[in-house]
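What follows is a structure written as structure tokens; I'll ask about it next.
By letter and in written order, the chains are A, B, C and D; residue numbering begins at 1 in each of them.
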Amino acid sequence: MEKISGLIDAPFTPMHADGSLNLAPIEAYAALLVRNGLKGVFINGSSGEGYLLSEEERMQLAEEWMRVVPEGFKVIVHVGSTCAKSSRRLAEHAAGIGAWGIGAMATPFPQIGRVEELVKYCEEIASGAPALPFYYYHIPAFNHAYLSMLDFLKAVDGRIPNFAGIKYTFESLYEYNRCRRYKNGKFDMLHGQDETILPCLAMGGAQGGIGGTTNYNGRVLTGILDAWKDGDLERARELQNFAQDVIDVICRYRGNIVGGKRIMKLIGLDLGPNRTPFRNMTDEEEASMKAELEAIGFFERCNR
Amino acid sequence: MEKISGLIDAPFTPMHADGSLNLAPIEAYAALLVRNGLKGVFINGSSGEGYLLSEEERMQLAEEWMRVVPEGFKVIVHVGSTCAKSSRRLAEHAAGIGAWGIGAMATPFPQIGRVEELVKYCEEIASGAPALPFYYYHIPAFNHAYLSMLDFLKAVDGRIPNFAGIKYTFESLYEYNRCRRYKNGKFDMLHGQDETILPCLAMGGAQGGIGGTTNYNGRVLTGILDAWKDGDLERARELQNFAQDVIDVICRYRGNIVGGKRIMKLIGLDLGPNRTPFRNMTDEEEASMKAELEAIGFFERCNR
Amino acid sequence: MEKISGLIDAPFTPMHADGSLNLAPIEAYAALLVRNGLKGVFINGSSGEGYLLSEEERMQLAEEWMRVVPEGFKVIVHVGSTCAKSSRRLAEHAAGIGAWGIGAMATPFPQIGRVEELVKYCEEIASGAPALPFYYYHIPAFNHAYLSMLDFLKAVDGRIPNFAGIKYTFESLYEYNRCRRYKNGKFDMLHGQDETILPCLAMGGAQGGIGGTTNYNGRVLTGILDAWKDGDLERARELQNFAQDVIDVICRYRGNIVGGKRIMKLIGLDLGPNRTPFRNMTDEEEASMKAELEAIGFFERCNR
Amino acid sequence: MEKISGLIDAPFTPMHADGSLNLAPIEAYAALLVRNGLKGVFINGSSGEGYLLSEEERMQLAEEWMRVVPEGFKVIVHVGSTCAKSSRRLAEHAAGIGAWGIGAMATPFPQIGRVEELVKYCEEIASGAPALPFYYYHIPAFNHAYLSMLDFLKAVDGRIPNFAGIKYTFESLYEYNRCRRYKNGKFDMLHGQDETILPCLAMGGAQGGIGGTTNYNGRVLTGILDAWKDGDLERARELQNFAQDVIDVICRYRGNIVGGKRIMKLIGLDLGPNRTPFRNMTDEEEASMKAELEAIGFFERCNR
């Protein structure tokens, strides 16, 4: 199976002021991402508030992204939800509109406590789009699915034919590497934490990744991969350190889903508010975040 | 606002062998519950796999329950989901079909970490059915919303006009009682753990409750309230102990959602399998559970 | 084996202003407890900062308590520590000075993750005082030993000859009752949460208990047992509610170990500061706590 | 302040078959470590079961290590315990016998919940040896002290004069790097997870580290640092992968404290059993672990 090379972006979902879906900015959004070195999008995931959208809205978004992206730019549709039947329908839809791949995180309800439950869940969904690569999105901080990913790979191997790999959004580079080395790299281990691309590269990983801060900091983050390829360690470190500085700021403003989405407005692409139960930033908070970003020179280096 | 008196049942959702919705058993189901002393149903909640159903299926279920229940038998519709807009539509629908009330647990995604987020979430949903009492369903073991319920009551008081109270499914009878005593009993504190009805009664609570094992053990559980009212402590203790014995068995068979649903088949009302990611019981497991229930004399005392 | 009837107090450890041990107040302390209806003391436990004392200090405290208590007033010595060999020596010492019993909570380091580890730990300690009843002190909020107490009882039964029962400081009255009913009440289940004595009594438990707020609120708390025995439910409820009101206040002042110890000064028995890493209250905090206690009429009803 | 360069070993504590202290193997132990490239020892820590030893035993161990190590081989004494006064005495003792430095993890009891508590705890201990560098040992998986280490550095900076840095045993290389970069590297950030030395080096860290598997795999682990220095990335990766393979095996045999200690016997330095509550390995388990280690060629590459 093809492995992803380079960085895929997890886009935010544009909304009108009243919280309804706003498809208008997506064309410009895609162009921005292409311009800044991203290789595709992983839509309707956590950054995209996928769980807070209806099934129909998720389909509309997928259709619009498919419409606007250039040839070769990958669209991976996150189809996970608490209703596996709905997720399977979303998988079928993704296949129908020609998406490159699909993905799903573990359902947060009922909380997944055993590998077998997770395999069953992924199997039911993946079978809805048997011709597309399926990625499991591991983000236990969000759904408490603290399972061994190595045990999971062993369990899906030979059982889910279109299983492609894992978007690994967890701190354990040890487990990441064990999964990466499974059967000499049988599965695609997408690195999923923008703050540790460089260390992961050193270990042999992070050839492909899915980022959340790539929305506004993609030039810097793809720069880490380029610098590493060029053997320029000092440049790679400087870029990784800067990426961490940006993340430090976001962490003080409710994280990427809320704070990061607001940064898009600051760089000229207003994507609107977040849905309930997220608490939207006030204008004062926005100004304060902007000042912190200016202090580290963010606006000279960010996506545009 | 009216307070609920007696026990409300949280029904399972009947399904065909392929996991699709099966509305046929609901009429008999309602009759069984009425016959055994239950005062209403709390549908599409955790026992009902509400989160694993589509919006449309949830509406169909609500309509069917409304169609079959007798006058005065309360139908409360759980409308919680990860998409507050969908939940609000479900609330509107519940009001439209004449349901007695609505309820919602905290969304498991994104995980609720602050009282303000929970209030905002409940507010958006409750406003969809302003004429119906809204109950917050507190079950932190399922969604990690470990928030102070007293702080929550203070925050909703005066802000959500149709806020009625809490279905309290947590172990802290101390916190339960603090909430119950808030402003001299302003809100309705429904007791939500069948294993501790008697101790809660002693403290002045549990005048109303919502049960999960009431589906098959309602006669015993409503018997606890009757015995307490009669001043017959020994009888109340014997019934509460027996209820715990039944729960002991269920805990060994994946809990109420899986094990309890299968008991319904054993007492003559086959409700079919559970949806993914639940692992359904094998025939061997069913036989083993049945033997354990026989050993404690369950089938002589259960609902019928 | 004799079962404990009535309430045992878990005393604070008196200290000089510099944090060194102060044995002087203990004689008056014991008299205060006797006067207010307590049946014994459980020393060097969590309220007593036992883990923050040296082995020698713990022995000195035990000797002083033995010296001052009247005939029939039980002294139970908590001997748990991270070093089982030290705990065993403390058990031998307790037996040597004529203590009534011993107890130990699970060591917090290494964290106990399996019943077999806990049994092994208790076995090594209990064998140091084979003629004394040994109580396991279950307080998982403090040491993360979230194990099934029923499984634990089954595992120690027949293996630790002097195992007497459990000081149960956890919210699950369901599990408490299952343990209480094990082999028709073979083991002594001491209730360990002052906020829920009444509900536990209703279920058939709480014949004996160990309290932390009994230090200053023992008259009220023993009053619950008396009222229940007299069949005066209203009085029992009023007392239990008041006990909860007091605990509400303490919870706002760093809990019983810090806030409760300071209350002793307010009722005339200054026991000094807490040891590191506890943060001691400022005078302003003390004044504020005092005002809150006055507002609920505490000083008219407390121990004296 | 001097920063540590290279790897320090966290030794196991030798015991007789009955669990009593055995000082005899320490001389040979030190020689083994020197031979295999280690730069010092961090004694009485988690690998050394320091919390399971008495104050006197900890002093005896420290004295013996000081007696046998060669000039320039650093002895750092872990002095943490639940009793800060005892820890302070151990710090004084360490200074008195000429140890190079001291360290302490957060007390597991009472559980540390705030930075201020941790600072107070470290301050009281560190002041016992004001001329020695003090290292905080961050290992939240063992003591639940999940605090921000950056906030902690800010809080100790200027308050604890002999604060040297952190032994960082946690997965977040992001937080590690933020701490490393604090005030241009003011504090010494010792890397504390043998499975991720290479990725940490890439990021600019891991110049110094403290290892647990260095006891038997030190040649391989110090080899990673050497290979990196030589610019031989492939060699560094091979060594890091092998180190992970060894750790994989240990994880199946109760981890390093139990499984790792038993490996010492397999490489010719029998250190005896673990103390209660650890469960010692059976002969069958030992044989099985040995076979797994042979299968990965461990015995050709390990320390000797």
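Operating definition for what follows: a residue touches a chain if its C-beta (ideal position, glycine included) is under 8 Å from a C-beta of that chain, and two chains touch if they have at least 3 such contacts.
These numbers were taken from a predicted model, which means no experiment stands behind them.
S.K.: What is the graph distance from chain A to chain C, where chains are linked when they touch?
M.R.: Minimum step count, chain A to chain C: 2.
S.K.: Averaging only over C-alpha atoms, locate the centres of chain A and chain B and give their separation in whole Å.
M.R.: Here chain A and chain B have centroids separated by 36 Å.
S.K.: On chain A, where are the residues touching two or more other chains?
M.R.: none
S.K.: Considering every pair of chains, which are in touch?
M.R.: A-B, A-D, B-C, C-D
S.K.: Mind listing the chain A positions that touch chain D in their complex?
M.R.: 171-174, 177-178, 181, 193, 195-196, 198-204, 233, 236-237, 240-241, 244, 247-248
S.K.: Under the stated contact criterion, what part of chain A meets chain B in this complex?
M.R.: Spelled out, the residues of chain A in touch with chain B are 19, 46, 51-55, 81-86, 107-112, 114, 116-118, 120-121, 124, 142-144, 257, 275-279.
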